[in-house]
């Protein structure tokens, strides 16, 4: 298996105290995942040295993800917020570098919120500039930025893979790539598998989320086709499972994400199933790809 | 075909001036739809007598739909907003009665907004009470209320068919039924077709919307299975196509719905395709149902 | 997991010598399957005592399956062939009883061949009579007969679940049940998942086969829906994986089954994947079923 | 719509008498199809001049299809049968030329039968030689040969698109192309849509058949994905609907095809639905393809 498999920390914990860190890192490693994705907390809430030690002890790595808040909206066209956003992004890249992360991902290109107005060309151009500078800085640490394509209720900038490819091409850096998420693709893409194929080598990060953000397979997402597409393009980046339940996640995140019911109570059962689901789907997708080889004429 | 087929007025127009009314009613009828669904406007903006004449002339009927606004949130537990909501609902029921409508539907049970807190038991109990009184009033006019199940970003009260069935049972009126929408089901239901089967006779209204609210079939929704389920339960109520593009819909609705790109420019092409798509799917689903009959042993 | 998971012996071996028996039983048990399905060989080729010891040692059980040949066609209306078929069926039931099998399954109702004429009412009535007597005998040993529904190229009698339900009802015994196979359903059923639901408590045996008889998931079968249907009806009988490749299967079976290419070379890799695939699908299907429980209103 | 839409004559008639010809041609044209596909009858049974007049009068064209019989098996390696097969193929090409056909298609590469042995390299090499000569002759009349990929029960030579591409490349003529059929692909291909994409410009003919050969949509075939693939590769050749019911088709074809039950009684209803189904699917698939255009960033 060439893809590193990851788990979002919110399956285990809602914050990143030392206890949360130890619990989440241990359980992620126990289930055989290669990495944990941590929602980048405020600098004072992230004990980088402790986290790095726990990761090393457990033998896994960590990536950081974030959604910019409104005050840091680099797509706003507002110089104050753009500067605040750039500072926030650099802070997270610096933390990621200290943690030895390979990726920083999420809604890095705009605010993570329900907008009420469409984006502007000037706002997008500004976001491109900020991300070019941030991407260059990230590149100096060997870090790839993944710009997450999310649904219309979480951003007004990047809702489809096609938009993200164009956006990344405007930035023009090899380490600023498209971050796709099956949960969001289920809402926005006309053909999610084809969107993966069209993204191709521009794909840098992938979130596996079910349509209702619960158990993989218990929803609308056509995972067999998505895995077949990922295998077809030779995607070898991280595959990170993301799921949210009010059992773990508290406010304000429940409110931001719109989590109004418990989709699961036992994160361990959920994650164990996810691990096996992903592994089985990958194996199946590879067999589909190998069929051609078996069809040779005598 | 026993189901009446309908079209949402937003495919043609963004408001309900006399010109808009004439245009929308004419084009809906021309394409062979049986009814038009109108977003219930403010009372002063709805010329009921004129609308009724246009409908009669064109030979189609109209249903009214609405989403309560925050000041009218009957799930808020706040007596002032509950009273305002009840007044608004009664006003729309009265207009529908004058128009000869058979259904009033939409987010009648809470506000149409992105909530940041989960619903409360008291708020839901209050909404049940208001809707019981409103439902009784609607019943006196032969009108069915359809309580629309929407995704987590549009309400925190009814996100799944199962919740809506329970909610309707609490109300306990034969003319207050579940209103399902394939767009929202695609996000929330673990198995949308099975949710339709489980709703069964409680289903009173059905919106056909694609996963990205564009052309039917050009998205994630597994329509063949949904139509098979609708046929299996013998659903004979309205089937109404809903689609939104910034080409027609302006602010504030674009902002509320999160419409950031044009999914189509030509509403006529869109609606003609939808009409044929629905008809073909219904016929196909009926053939699936008839297969059993053809499998008799000699 | 309440279903016993099984594997068809043809994944490992083409015959049932002592060496084949030991190999197939060991490898099936090693991979965590609960039972092995053996194509009932000629009586002289089946060392029942040896097989029983090997099964006991390995801690798994065995079921026997067969397809009647033309000389034993109990649907032929020909008394000679009917008598030969009844004798063959009784012989296999007797062997199964000695092995402690719970099920005898397969094309027990007609010949396993490409027919060129449709079945006759008299032929079918004769098959019903033979199977009633055989079923009574099987019942005395606690054995269930599973009548396999196969595609049009393998029998002209039972091609759909609906036909098989009617056929079993004509027999009228609680231990003569419908045996469905996803490979065949993919060809014949208008809606395979719904066919499982309609079969309900009449379902007694289930073969998991991909559309091209290769790796599960690498074909046309919509397994998530089939597993959801199996869970929905509370099916708790055997789930047996079946796959054929010319790597293992020789003549004449390759010719009978139409196996013209290698769909796999490594039966161990295939079976290990199948075991994990089935387990994951079952778990996923159960989570879909549990969603309703999680949708309670406050 | 750039693809010509066609209908197989067996939807209407089982033979090709003058009455059958008139009926089939008229009804095909009435439903708006562009062409009829006729199973090439024995030369004495085909009144070419009459058929040509009927076609011209009705304003449609005809293609001829056939499956070689065992005595004409050009993949047999037997010089006598190869010569008989080549003569038969040339006879059909000549008839097609007189009719003004653009395509001759079907199982041109081997016998249309249930084989009991795998193909041989020498047999395949012989078939390639015969088809190269036949293809050159066809090319002189502007006719394309479509080599149909069928399931394992109908031939042992070409069961997958991949095999057919390789086979056509061995022939090496621009007018000898791959003929795919969704009915057969449903059984043999690991990923039917991807097989279409991989065939690409080598695709020359396409049969639309449901998994049980009945109503389109009432079976296992994932038509939305297949149409999306056809549109993606820019396929602009014929799309021909094929369906068989014992209502129309008599012996020996029922026996050859394994048709044991009536999947429909009313060919007109079936074909009208097929016409609308195909048109709707094509339109939908084109909208999926157009989505990218709509995702441009501001």
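Per-chain numbering from 1; labels A, B, C and D assigned in written order.
Keep in mind that, in the parts below, contacts are C-beta pairs under 8 Å (C-beta built on N, C-alpha and C of every residue); 3 or more make two chains touch, one makes a residue touch a chain.
The model shown is predicted, which means the values in this text are computed figures rather than measured ones.
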Completion exercise
The larger set of C-beta contacts, choosing between B-C and A-B, lies at A-B
Exercise for the section: List the centre-to-centre spacing of subunit A and subunit D in whole Å, with centres computed as mean CA coordinates. Expected result: 46
Completion exercise
Rounded to the nearest Å, the gap between Cα centres of subunit B and subunit C is 46
Exercise for the section: Determine the centre-to-centre distance between subunit A and subunit B, using the mean Cα coordinates as centres, and give it in whole Å. Expected result: 34
Fill in the blank from the handout: Flagged in subunit A as touching 2+ other chains are 118-119, 159-160, 189-191, 214, 218, 261, 287-288, 291, 295
Handout entry: Chain-level touch network, classified as line, ring, star, complete or other
Key = complete
Practice task
Mind listing the subunit C positions that touch subunit B in their complex?
Solution key: 118-121, 124, 159-160, 162-163, 166-167, 189-191, 194, 198, 225, 228, 232, 287-288, 291-292, 295-298
Fill in the blank from the handout: subunit A residues touching subunit B in their complex are 114-119, 151-153, 156, 159-160, 186-192, 211-212, 214, 218-222, 246, 251-252, 254-261
Fill in the blank from the handout: subunit B residues touching subunit D in their complex are 214-218, 224, 261-264, 273, 276-277, 279-281, 283-284, 287-288, 291, 294-295
